[in-house]
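Next up, some structures in structure tokens.
Next come two complexes, and both contain chain A; in the first it sits with chain B, in the second with chain C.
This part shows the complex of A and B:
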């Protein structure tokens, strides 16, 4: 038996086990037969093991360069560097789909291994959803996009991996994104379980909170890593292009963020039960939609994905989940009525509502922009009208500006009702800070007004967050006489959710500052230089000293050429940089590797655009201010999420009131 | 007025503002996806940018490093179109790969002046059968 047969056989058995798990958990839950539920649980452990086997087999086939398997032939070659065998695993549709199933099966396995606690009643129903989703992916892998499909004849050499994907960040980006897609299945599964059982109070939200946070941060980081890859590898000085593929992962992030906030509102005030539930399910459906967009051929994209009938299966699955959810929501209409009462408009509740609407509005607009060419196309060829990058920026700019403003206002507004006097007392310091930032920018900077406004609002919000965090620590230092370090660690330790959230908001601000800086103030210069010539860009002077045909790699497939430039500021030499342009035989094209010098203020980014045989060489030079804060913000966001999700050691579910307690009054 | 009513009205106002913002963005910043024949039929008074996709005609790529000026032709079922682009030559600009250009057509020079040039990025590189 060939190795590929083992991989395929494992998929077939995964399907059988997933089908059994779906049926057994449904019957077990419905007829209250615990032995059936136990059997379903065991079947889900089996799918975790078998899909792991299937993934290991595909990896072994790729590593051993077994070109009798089509997927191996299409994605690796004998000369491909070993590390990129991993990227090859998820470079194509079949592999990425297997990755998705595998992740989902693993997370499901982890979930069912834990003893049921709060979810004794909900878990069997959640298992139905998880097992059914696994069934869906197993069906696709077996019948539509089989990674173990064989070639008619065995070629001597493979096509190899697209050179653009040969980058460390392309090894990690897809698994992060697919892990997040798999993780979003879990809150959705519990949302549906809550609907079926009628237990639609906040219990399911508290119980799945860590899964949700894990899904949320993983998706955000996945998107950032994708941007970082595009920045490093595509040589255009940018990191985001509003391409349908990018949009399709950003849309579930926006809706997922709305869900996280709506969940807080329900936990704290017991309102908007149906709304929260729907957002959880819709986020999951949108992760499926992301794949539908990229695989259906429905959308024109610069990513040339293969057209495949797989899109219709995805569409069917999405409609099934949405229809089922809608039906259940209607059936549970009465239970979905929460006990919380709305207060004044000038209240934290309404701030939450507005932020939800802004997030969902952004998501709807990005979705509409993505589908616009299809919707306006009359001839069925996908020809119509497309939204330009500026078009996206024109709504996303103001909407995110308002969102950021709300991040700053939210802690100053109280639940139920806030008086203007109280609000004014807590807001004046930040207003002063914002003015102090805005005035010098207006006076000294030849800046666009929107950038001045954006930076001063950012300053306002950062001041609010730091004040909020600082006040809790200061209160402890005063009342308990603790030093700064002890007070900080205890304040954070006792209010993990609150401090975690504030850190996440701070991280969002850092990212926003990075976006504003890089969008508003990027300098670009394109220039052709002969050896010895130099060019001034911003405060830098670049001297082109040499061009070297550095080396031939990958058995002749890759010819690496690098230009050597000395970077000066004034008379001081800062560095020698070497942008590369590498010729790849297998794609008959060349790919640049940019030279990047990054600091907290700005990035110097040099692309070797082309070289003539006589030595004349073209460069594109970008100076992008503050862009590094995007990535720093990502790291802070991870830390904030870890703090917010860290177990308290007092049982799995964090009591909601923990987050309500005023900071640091008790020692 | 009840709280519910207040929230409803407040929510509707917010949604209306968001909707208006989105509508204006969509109004002014779109480009038309056209075929090559449609582009060539355009007159001199184009108010919006067009976006055309086509396969790069073999041996048509001409690049001047000194001027950073790129010319090439693309073709689709409806014809071929000469493209002029100023800026660095993109990665993967090779014969028979599909390019997407965004810009305006100059009927006098019978050429398309591209502001933006995108290569269809083969996320999944596939051999041509």
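This part shows the complex of A and C:
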């Protein structure tokens, strides 16, 4: 009798229930047998409960350091701090997949617990997809990467967790990302349900809108938290390195963003039905791909891919979903024709289409860049050369530049058609603002031209968004005589989607400004100092005062070394900071903990690079302007999404777009 | 021990899954997902809404501007004298202005209206003139907010 048996047994039962849920909901939907659908619903609640049990068991095994289980042996040790047992849960392939299954089962449980309303007809089919995905993960967990696999002999000590992952943000980052992956399954499930039933109008989009927004914002925040972790832990002064793991979560975000916008286009103008559906499904497939890439070692080495059959399972599942979707799309060709037409080139529809293409183009390019080493390492031995960071920046720079420009142009261009005169009337203020930003930068700054252009475009877009929001509020103040506060809250309350979206776009711009600032103007200084010496970096003066081999921790596994520096600006002492470099026995290497001082203008970031025997200590000092706006942008993005998704007490706050175009207006 | 626990769990799970399939339950659930009476009720509601709208719209179609701020809760108090609007026309709960059938938002103050989302045929005819930059609906004369999406009308259009 062992705890791990219970975990494994719970997985087996989960699989059985998931298989039954798939079959029963499919049969029930097809033959219109509600009792089968109810049975499937109960089976899905069973998988939610049992996968929870399985997850709890794994957590208990990790906490109790039961080294008879391989996953526990590989990821924790007796000296690992208790908090990091959580990150150990999702540090490996097995745990991550269990997390995926668990999240998916929980969200599915929430979904099926709610009474069917608009989705009375679609839900049984959506349940098929959700149950089938659960089946897939349960099969993997049971046969391919079993987290409860036992060791032949029980070791006395575990390998422990990679020290890089021993960081608070690595406790929260993976669950956020996997939660978003699981959430993306829901819109995809309904997209397929819409295809099967032929109900491909915007009903399914409206019904799943909150799930989609939740998935979208969770993924964005997950990516940002990952960047924040990299910034704190990797010690090279950056937050994004275009490495395969980062890319693999960024690709579904790009496609998911395209999906969100395409959904708006379908809802408003009844266009691109098939396109929207496909984007929903593809985003889901890409999250599966991301899980696979992140944890299977496909990118790190083709060898790893060939060694374990897990890659073929993933590939098979993705191909099955894509082929099924393609077949259904072909079969539903007639229903998928919307009533809207693209119309004028100078219209909002067209801006949406172009932005969609840009987002997908970026996704395709990043995907290709990520897979390139694998694809070119043809002999299964070595890897081809990957795309460098500069390589990615070279195409992602211009693509994101165009996208940002479109964010600014979109509100100025109207649906169907915009006259040039009207456009010019609404654009001149922002152009003036952009010039006012650009000219002094050009004249006074030692700035690269691309950065000046980027900043002035950002200013243009921010001005557009603020003007748009301001105009709505001002119109209310004027016409209804409300004060600023009342007018703002009523304007937002009456049109949450619009103002939420504008806030999200504003947040995107804050992030863009953070990226431009940190990419263009980062100052880096490498110095070797003896005690008492100082160095000037930017406006700061750093005085190196002491080095302490402070303590031996984790039962001898970790030796912490701390340097002490006083930070001055002019003669004023701002702070004492202590960058660390810690030696870890279990990985035979050292990991830095950076010292960070952040304000709205710039970050001072100090890495303890090395301690030389001759008494000199090497530091890498980075001054990164505006980088904090990345994280602020993330917070604003959350607020914007909450506003856009917030349920309203009143009847028609999310106005239903009229299916019939008013007469007197050419649709 | 763990075998017993798993067996119990399996038993509970099987019970939950099989229960809806029991013969006695099947009869109870065999009714269609939407009962006929639900459909009938919905149709009746729809009919009454439609006829109500067309009836009102006949006189309200050309102009139905009320005065903002007038007659708070006018709907409950009964007809308030407003030019061009039939007595008993629905009024915005926030500012008391009469609204036209099919409007989602009050054109006077922008408040969301709890109306039927069905635009009546007559209401559609009334759409004419400049377009809302947000949703593409057409403003009617005198509207300060878009009746469809609540977007405030910009200055030049509203004058």
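List of remarks:
Methods note: the second predicted complex is superposed on the first by the 624 of 667 C-alpha atoms of A that agree within 3 Å, B and C clash if a C-alpha of one lies under 4 Å from a C-alpha of the other, contacts with A are read in each partner's own complex, and residues count from 1 in each chain.
The rule we apply is simple: contacts are C-beta pairs under 8 Å (C-beta built on N, C-alpha and C of every residue); 3 or more make two chains touch, one makes a residue touch a chain.
A quick note: this is a predicted structure, and the numbers were derived from the prediction, not measured.
In the superposed model, A:547 makes contact with neither chain B nor chain C. Once the two complexes are laid over each other on the shared chain, residue contacts for A:139 go to neither chain B nor chain C. Once the two complexes are overlaid on the shared chain, A:151 sits clear of chain B and of chain C alike. Of the two partner chains placed by the overlay, only chain B lies in contact with A:354; chain C stays clear of it. Of the two partner chains, neither chain B nor chain C is touched by A:60.
When both complexes are overlaid on chain A, the residue A:406 reaches neither chain B nor chain C. Of the two partners chain B and chain C, more chain A residues are in touch with B. In the superposed model, A:535 lies in contact with neither chain B nor chain C. By the touch criterion stated above, chain A contacts chain B in their complex at residues 74, 91-93, 159-162, 164-165, 234-235, 245, 294, 300, 302-306, 341-345, 349-350, 353-354, 357-358, 361, 364-365, 368-369, 372-373, 377, 382-388, 390-392, 394-395, 398-399, 526-528, 587-592, 607, 609-612, 616-620. For chain C in complex with chain A, the touching residues are 1-3, 5-6, 9-10, 13, 16-21, 25-26, 29-30, 32-34, 68, 95, 104-105, 108-115, 117, 119, 124-125, 127-128, 131, 133-138, 144-145, 148-156, 158. Note for the complex: chain B touches chain A at residues 3-4, 6-7, 10-11, 14-15, 18-19, 21-22, 24-26, 28-35, 49, 51, 53, 63, 65-68, 87-89, 91-95, 97-98, 100, 102, 118-127.
By the touch criterion given at the top, residues 1-3, 5-6, 9-10, 13, 17, 20, 24, 32, 34-36, 38-39, 42-43, 45-46, 49-50, 53, 116, 120, 268, 411, 414-416, 425, 471-472, 475-476, 479-480, 490-491, 494-495, 498, 648, 650-653, 655-658, 660, 662-665 of chain A touch chain C in their complex.
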